[in-house]
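Both of the next two complexes hold subunit A, though its partner changes from subunit B to subunit C.
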Partner chain A sequence: MAELPIWQFDSLFLIVVLLFGITSLAMQNLMSAAIVFGAYSFLMCLIWTAMGAVDVAFTEAAVGAGVSTVFIVATIHNCGVTAKPMNSRIGFKLFAGAIAVGTGAFLLSALPDFPAWGDPQSPVNSTVAPYYIENTIRDAHVPNIVTTVLADYRGFDTLLETAVVFIACIAIYSILRVDSAKSTVDEPDVVTSPPAYDPTDSLIIRQASRIMVPFMQIFALYVIAHGHYSPGGGFQGGVILGASVILLCISFDLKFVLRQWTEKRIMILTALGVLIYASVGVACLFMDGNYLDYGVLDSILPGDKSYARYYGILLVEIGVGVTVMFSMIGIYMILASNGRFRQGL
Partner chain B sequence: MLLVLVRVIKGPTVIDRLVAVNVIGTKSIVLLLFSGIIFGQLDMFVDIALGYGLLNFIVSIAASRYYQHRRSLKQKGQPS
Partner chain C sequence: MEEIVPKLNYIVVVILMMTGLWSMLAQNNLIKKCIGMAIFQTGIILFFISIGAKDNASIPIVTKEPVNQALGQAHAPEGSQPPAKPELAKPKAKEYPNPPNVNKLTNPLTQILMLTAIVVGVATLGVGLALAQKVYQQHDSFDEDVILKNQTK
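Showing the complex of A and B:
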């Protein structure tokens, strides 16, 4: 691996990423800023791959570049497309600039203390990492070490991460949700809507996405289930599953999807994912083990202790996938429909 | 890729940028696969490239849908 031209790659990417970052900040048109920001995320994904961090790259491609750009577009749909220039005083601008430069200098001052990239003696690589690398296959029969660390050795962290996704979804709901029974502000918008944009509906896009969506979902299920062997897992697969439904929302329209996936169902299923994860842990408690210690599940699950961990990881990944999928759909719907859950982008 | 970059940064309209970013996405898929060949684990990188392509598609569809929707709202507003 030493002969890779990593240095040249990285500096090229760094320049391009910086260019994109500055461009997307400098634009007045929010839509182009969002698009350039998407390109920025795609290039970040390339940087992660050049470092060999394929799982992170996958997450960046799915979350950073894909779904969050769609979220931003949905937000712009309800907010208007041009940014108002800030008319603050010059003193305030200088103050803000000084704070930004100061923080950046402070962070950069910590740079020499970092261990060199890939240094085998660094604290990260010398404490727990050798244990993971040596024992993953023996403990859980999972070739992808990242998956084992994520869902087994550090199961608590991932449980709480899933809970964070769930809580974020709830927070967005409680801020943005408008009770459509009470609010009559935008009522004419709702009344005149039904056939409003039928003439411009594109048959090509509809048919293309009709073909794409099942393949996307199969691919996403593969990503969740095959996370033991290849990059991916609950988070990435869940995002792709969510994105497939978002694609339906975009290419047909929101109402079409809302007929199948009502708001209540989405919320229940979002909670269900966290419940699956947590109840796997509770099941371990009942089998005389520690919380999330899948090894003790070997009397329920097929195989011996290490295969029980293998299947435990799979169950947990499914829980993560369900939560992530439905929170993505829910967040998209609430952003696109301006909190009313009737119609939107 | 550099030529497309110019279009992204300068691009007179948003649509130019949209198409340019889409092209960058397509090129990055190829780059991803190349880096997969370099690392010698092509099977892993094919997964990422697939996910990447799908999401790239959705982003472009969403952005263009936004413009379509806005135009239809405008047309609806003007005749009345």
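Showing the complex of A and C:
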């Protein structure tokens, strides 16, 4: 194991990622903490790519490093930036430290029982997983095994994950949304004294993002449509589509985007994605099959049973993409505008 | 060192989880708690990905391979000019291997479980941040001490 250079790189990355995580928690300035956390996520992507998990790394690069950093920054923008130094309740902190160290020691005591890193014969790698590797081409003609397992073999799982994203979007709305008609008092419509140099009003940033957005969206559509053959799929493509609109929100203004994508439209489209996914399952029921068993759709889709699964996966991925895209936009808008849907970041 | 390096991933996972757990329990700042939650989560994801990794294995995407030479030889004499340009005369037909070599592809199952976990993770992070923002609106601070003091007043 130790003689392979790639594993040494992995070890190096693992130690650096650990340092980044601890640094991000130790920083006093919350904005710096958010950015270091983004860097931590990107390093994590490198580690996962080196371990062969390209789909996961792609998702983490789009979601963990991209969108979650933006969410944290949007929250901090509306609230305070500096964290106070922690000098109160030292006893409780030591107690919490003891709990954490105790848990860690308990987990590490199981270390000798675990298989070595990268062992192909470990129980995880040698029991269930070979079935998926061997049968995915025969069943669905999709070379990317992760896509097949995601949308076909474990279709129920993904349906409910999509529903979770939708529900989270609704939850954030119910927590933060303020009817702006009722609360005109505490936020003035017009900023009374604009700063001498307004960094949000930069011509360069506006024009650059105006040029970038169409390319981002084409790339995202490619990621969704080509998820059968390469890393990607509905989650990643949806997040990139959402990020392209979030970029417009940041570089222009929230109002600029709200002219096209009103709040109501965003919520309807978020629900529409889950509806697309669920209705593919219902269509399978009507064709005399089980729920989400795309093979029975071969009478209305081109090709035989395995190609019906291929197209079924594509339909489902589109549904996932729509939900993820609009829930990301919705969550960003509500976090950035403090629930008022007026002015953003 | 010989014993540590093959299991370094588990040690890093445990340290990341300890950091995240301590941060969720002991940090005063609500945003730091949310970041701690995310770090705890990436620790778990790293655990799943690293137990699914295999030595000398590629990404879990099946690639087409040239069909075995016996088939190519059988087709070659049918072409009119086999000796002239051998590499052009018999273009190698590529097919998906059936079944693919299990040891050459990393475990897809742990990856798919974690892929959905990441997306749900950002949704829960969003809910956490929304709650923190709501708390800030009422108490004008992310600091736990200030919030507790305001509540006991």
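Throughout what follows, the second predicted complex is superposed on the first by the 323 of 345 C-alpha atoms of A that agree within 3 Å, B and C clash if a C-alpha of one lies under 4 Å from a C-alpha of the other, contacts with A are read in each partner's own complex, and residues count from 1 in each chain.
Assume contacts are C-beta pairs under 8 Å (C-beta built on N, C-alpha and C of every residue); 3 or more make two chains touch, one makes a residue touch a chain.
Everything quoted here is computed from the prediction, not taken from an experiment.
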So if we stack both complexes on subunit A, do subunit B and subunit C clash, or do they fit? fit
With the two complexes superposed on chain A, say which partner A:133 touches: subunit B (first), subunit C (second), both, or neither. second
Which partner does A:77 reach: the first (subunit B), the second (subunit C), both, or neither? first
Let me test your reading of the model: by the given contact rule, A:255 touches which partner, first (subunit B), second (subunit C), both or neither? neither
Touched partner set for A:305, first subunit B, second subunit C, both or neither: neither
If we overlay the two complexes on their shared chain A, which of subunit B and subunit C does A:29 touch? Say first, second, both or neither. first
Under the stated touch criterion, which partner chain does A:67 make contact with: subunit B (first), subunit C (second), both, or neither? both
Going by the contact rule set out at the top, does A:38 touch subunit B (first), subunit C (second), both, or neither? first
Taking the superposition on A as described, I'd like to know which of subunit B and subunit C A:202 touches: first, second, both or neither. first
Check the contacts made with subunit A and report whether subunit B or subunit C touches more of its residues. C
Give me, in Å and rounded to a whole number, the least C-alpha distance separating subunit B from subunit C in the superposition. 7
Overlap of the subunit B and subunit C footprints on subunit A, listed as residue numbers: 1, 4, 34, 52, 54, 67, 76, 230-231
Can you tell me which positions in subunit B touch subunit A when the two form their complex? 5, 8-9, 11, 14, 17-18, 21, 24-25, 28, 31-32, 35, 38-39, 43-45, 47-48, 50-52, 54-59, 61-63, 65-66, 68-73, 76
Subunit A residues within the subunit C interface of the complex: 1-2, 4, 7, 10-11, 14-15, 17-18, 21-22, 24-25, 30, 33-34, 37, 40-41, 44, 47-48, 51-56, 59-60, 63-64, 67-68, 71-72, 75-76, 78-80, 83-84, 86, 88-89, 92-93, 96-97, 99-101, 103-104, 107-108, 111, 114-120, 122, 124-125, 128-130, 132-138, 143-146, 149-150, 154, 157-158, 161, 164-165, 168-169, 171-172, 175-176, 229-231, 235, 239, 324, 327-328, 331, 334-335, 338-339
Show which residues of subunit C lie in contact with subunit A when the two form their complex. 1-2, 5-12, 14-23, 25-29, 31-32, 34-36, 38-39, 42, 45-46, 49-55, 57-64, 96, 98-100, 102-103, 105-112, 114-116, 118-127, 129-134, 136-137, 141-143, 145
Subunit B contact footprint on subunit A (complex, rising order): 1, 4, 16, 19-20, 23, 29, 31-32, 34-36, 38-39, 42-43, 45-46, 49-50, 52, 54, 57-58, 61-62, 65-67, 69-70, 73-74, 76-77, 192, 196-197, 199-200, 202, 205, 209, 212, 216, 219, 223, 230-232, 236, 240, 243, 246-247, 250-251, 345
